[in-house]
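The next part holds the structures, each set out as structure tokens.
Here come two complexes built around chain A, the first alongside chain B, the second alongside chain C.
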Partner chain A sequence: MDIFLQILFSGLAVGSMYAVGAIALSLLWGTMGMLNLAHTTFIALGGYVAYFCMSVLNASWFFVLPLAFLSGLVMGYIYYHLVIRHIYANQNFSVNIIIASVAIAALGENAFLNLAGGEALRQPFQFTSGLKIIGVVLPYQTIFTFIMVIILMIIMALIMSKSKLGQVIRAVSQNPDAAKLMGINVQKSFAQAMMLYGSIAAITGVLVTGASQVYPSVGGDATVKALIILIVAGLGNLRAGILMAFALGFLEMGVNYLFGSRYGFPSMLGFVIIVLLFKPNGFFGKEVVNRV
Partner chain B sequence: MPTESLRIENLTTGYGRRKVLKNLSMVVEEGSVVGIIGPNGHGKSTLVKALSGLIDTWEGRIFLKNTSIDNLPAHERVEKGLIQIPQGDLIFPDMTVEENLMLGGYLIFDKEELGRRLEKVYGIFSRLLERRKQITRTLSGGERRMLSIGRGLMSEGYMMILDEPSLGLAPKIIDQVYEIIAGLRQISPTLLVIEENPTRLQNIADIIYLLDDGEFIWSGTPSELKENEDMLNTYLGI
Partner chain C sequence: MSISQISILIAVLGILVAAIAFFWGTSYNTRKFIKIDNRKSNVWKDFWIGIILLALALIFPAFGAGKYMLSQIVLFFIWAAVVTQWNLIFGIAGIFTLGHMAVFAVGGYITSMIALYMGWNLWAALPVGALAAVVFSFLLGATIIRLRGPYIAIMTLAIAIVIQKLIVSDVDCFITKDLICYNFTGGAKGLFGYGNFGFKELLGYKGKIYGEYYLSLALLVLSTLFALFVIYSPLGSTFRSIRDNEIAAGSRGVNRIKYQLIVFTVSGIFTGLAGGVFAGLQTTMGPNVLSLSLLLFLLSMIVVGGRGTNWGPLIGAASLMLADTILRDFGQLRVAGLSLIILFAMIFLPNGLIGLLSNIFNWSPNKKENNDRVSIKDFIKSDRSQYLKRGKWIKKFGNDNE
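Now for the complex of A and B:
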């Protein structure tokens, strides 16, 4: 029973982490077809904003999430106007943006290195204690992250399905030319999508670093895991991505506990490869039906 | 003197380095229906794209109601009331019929007005009402065309450009589509209709232009066109 709870709780912790990293990435990749490897920069940004707010300014924890939201929003706007806009105007956007976003990720990492130094800082926006259930501790941080995953997922789903912004983002992603013919300013809506992305990515950065520490390359791992999860779940399907994040979290932690910690990640990758062999569009990926 | 809705002066454009349209000039008067016919691959769709702003103008001018629009991006031309009803491939495939229609009214912020227009479109196309919750990639070709026209109607624009409304449709459906096009004039009186051959245009167009190899080589009324059937057959290969 102990081991079962251990696996359950740590799987929940890791799964929440994976899920939280995937939410914002899914918005860009699933809708705009943009694989943003500079996701790592936004995660680090969230972490450093939390650190700066509480440890440098000694401000209340209350300001952390709003501040992360704002800084991500601004960063998304700058990123759009400095980089994305120019690449989007040319052909081959979906490939070229991968290279450009790697460059931005490197630039971001070095910027943080110069501004804050290389050492890992304790990010104070976190819960330290936990809930004890039959001798096994379920950290409050895990519960908090889990709840945030659900909240962010609901907010994203509502924005995408109910708001005009969500409709426009979906329209532009499905057919940019048709969107222009509806009177939609495609550039403006892409900029708005980037601001939405940035704000959510920075908030997830606060959560990711809360469970570890904050350092310039802190978002790298979360970004890679989020990529894997979104591909194996089926691109553009956020709910499936979240489910898959927890499934993989449980798998990894289960293997870790039962067979030793060096087998966890490889077995997760093995599972991913097997899924993709049989379902190349992802586990929950729809086979696209086209009527011609 | 009648007002000019659209004036094209020496329009030249193309893709990359390939020139497709050469020195096109034409005028569409307010309240008239102008048809453009021509064989496939001779610049009809390019002209539509140049007018709606999906491709840039290389040389020449385009005026809408005497205001130059050739430097405006596509979405601003829509704001000025120039609406394009594209071929069936320019729908939003993973949205429902109703979501597609609502995007046609993207520039309308009055919700009640939007609702009224939606009802009007459903009044014309009962088929779309039946399928309002259906994802549009599963619609048939005829239904897509209806959706495309319905979506264009939502904007109640000043002038509409219809890009080959009969393309790929069964004759019976084409009849229906053209009945609807004839009715469009009540909402948007000025129409520019592009088709491969003139059969369907003869009943509704006031003037027909023949576009061949990127140039207008003939224009006249439908009855004049009938008198020149031989010429037409040569160009269209009928």
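Now for the complex of A and C:
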């Protein structure tokens, strides 16, 4: 029972970590058809902003999330106008952006390495204690992250379905040309989606780094895993993605506890490969037919 | 690195570029507006380019280049051999795998493991390592057999990352020698002490670097010949047909799955061999060959040189090695510089340096757009307005394949 609860709690922690990544990444796939490997830069940005705010400026914890929100917003805007816009103009966007975002991830990692140093820093925006259930500790940080996942998902759903911004983004993602004919500024709406993504990603960075520490390559694993989870769940299906994030988090943690921590990620990847061999569009994905 | 060495490098690069441009220019026939089948003339063009490059590379050590420079060129030969094979999958067949360094690592690791644990000579271990790499490459191709475009990139990257993590986290003792524990894969510190190719005994201390130089040159020549052979064979046409239009190719009876497995298998041969040669020349094989920065370095060679072109990877490797030797002086900023180069190339040179070169040498005041890349697809592209219409038409029906 002990070990079961342990696996459950750490699976919950890891799963909510992947889920927050998946929320932000699926927004970008939905709008631009873009798999963003530079997500790790945004996660590190959130972590370093939290560290800077609380440890360097000695400000209250109250300012951390707004500051991360703002910095992610600015970063998303810059990222869109410096890189994505130009690559979108060329052919083969969906693959080229992966290569470009690998480069951006390396660039961001290098920038944080040069600006803040390579050592792991303790990120102060976190809960230290935990809730004790039958001898097993459930950290408050996990509960907090889990609640934030649900809140972020609800906010995303509301923005996408109710607000004007969400309507514009959905219209552009369905058909950019028709949207343009209706008087929508396509580039502006892409930039807005990117800013929305950046702010959410930076907030997830604060949450993710709270459970561990902050170092330049902090989000690398979580990014790749979140992307894999989105693919196996079927891209464009956010609810399935979040469900899958928790399922694979439990799987990874279960393998970690039973066979040793080196086999967690490989077994998860093996599972994903086997699923994709039989269902190439993911568990809940729809088949996309490309007409030429 | 002194100024004279840099100037020699730049001069050599200049000669290469001029030679390529010369043959590009002479073979271009302005009267034929579209050339659909110019395979034969291209073969001769590539033949002469290859002969000139080979002659230059053969006599290069006679100019008295330093040992450091020769060792850099050895590294360049190995990376160029890897990227020419990667280009077969990435550029010619249009399968966007990022796991090619894993194939390279398998070749290197198996070669050095056989030499280390079974006591084989490294020369004898090379083909076995290459064979293992071929098998691994086939399996890599099989795991992503039903996926498309961006999915493939993410999954192969994840596979490479997992292999690196498995190697780094390997702490179990496989053999214990003199109370020192050796891991099966060498763990984070890598494999070492499996000997070398024996150039020191054969050629003496001073001649060792020349042996390494000509061995890696032979690797590159064979690899390039093989790549050109594949490109010009019916196999290459099949790969390109799948890349350009999968549905049309399928309706003509091309089995995508079969040819995807074939392209992974063929490109594994020389990649694995390059891995073995790399392991033998470096005398140590560590998990850093799977690092993200090296992946980015080799990927930028393909992207900067020109995807899917015959000589693009070679030119890309040369220019990136040159840039890297210069960036090395800046220490920490090296990776940032590489990333900026790759971004710059993706935004401003979508067809790479080869595309830029052919644009420059096929430019004439009367021609509004270049249509030197001789295929109907590119010809349609060349007309700007038509291209825009076509782009809209495709977007309207939700095509993401282009």
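The rule we apply is simple: the second predicted complex is superposed on the first by the 286 of 292 C-alpha atoms of A that agree within 3 Å, B and C clash if a C-alpha of one lies under 4 Å from a C-alpha of the other, contacts with A are read in each partner's own complex, and residues count from 1 in each chain.
Please note the rule applied: a contact is a pair of C-beta atoms (placed from the backbone, for glycine too) under 8 Å apart; a residue touches a chain by one contact, two chains touch by 3 or more.
What you are looking at is a predicted structure, and each value in this text was computed from that prediction instead of being measured.
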| item | value |
| --- | --- |
| Dominant contact partner of chain A by residue count, chain C or chain B | C |
| First (chain B), second (chain C), both or neither touched by A:A100 | second |
| First (chain B), second (chain C), both or neither touched by A:A111 | second |
| Touching partner for A:G183 - first (chain B), second (chain C), both, neither | first |
| Touching partner for A:N175 - first (chain B), second (chain C), both, neither | both |
| Partner chain in contact with A:I134 - chain B first, chain C second, else both or neither | neither |
| Set of chain A residues, in rising order, touched by both chain B and chain C | 175, 177, 288, 290-291 |
| For the chain B and chain A complex, residues of the former touching the latter | 52-54, 73-75, 78-79, 83-84, 86, 90-95, 99, 102-104, 106-107, 137-140, 151, 155 |
| Touching residues on chain A, where the partner in the complex is chain C | 33, 35, 37, 83, 86-87, 90-96, 98-100, 102-107, 109-111, 113-114, 175-177, 220-221, 224, 227-228, 231, 261-262, 265-266, 269, 272-273, 276-277, 280, 288, 290-292 |
| Footprint of chain A on chain C - complex, ascending | 96, 98, 143-151, 153-155, 157-159, 161-162, 165-166, 169-170, 245, 247-248, 292-293, 295-296, 299-300, 303, 332-333, 335-336, 338-340, 342-343, 346-347, 350, 392, 394-402 |
| Residue ranges of chain A in contact with chain B within the complex | 167-168, 170-171, 174-175, 177-186, 288-291 |
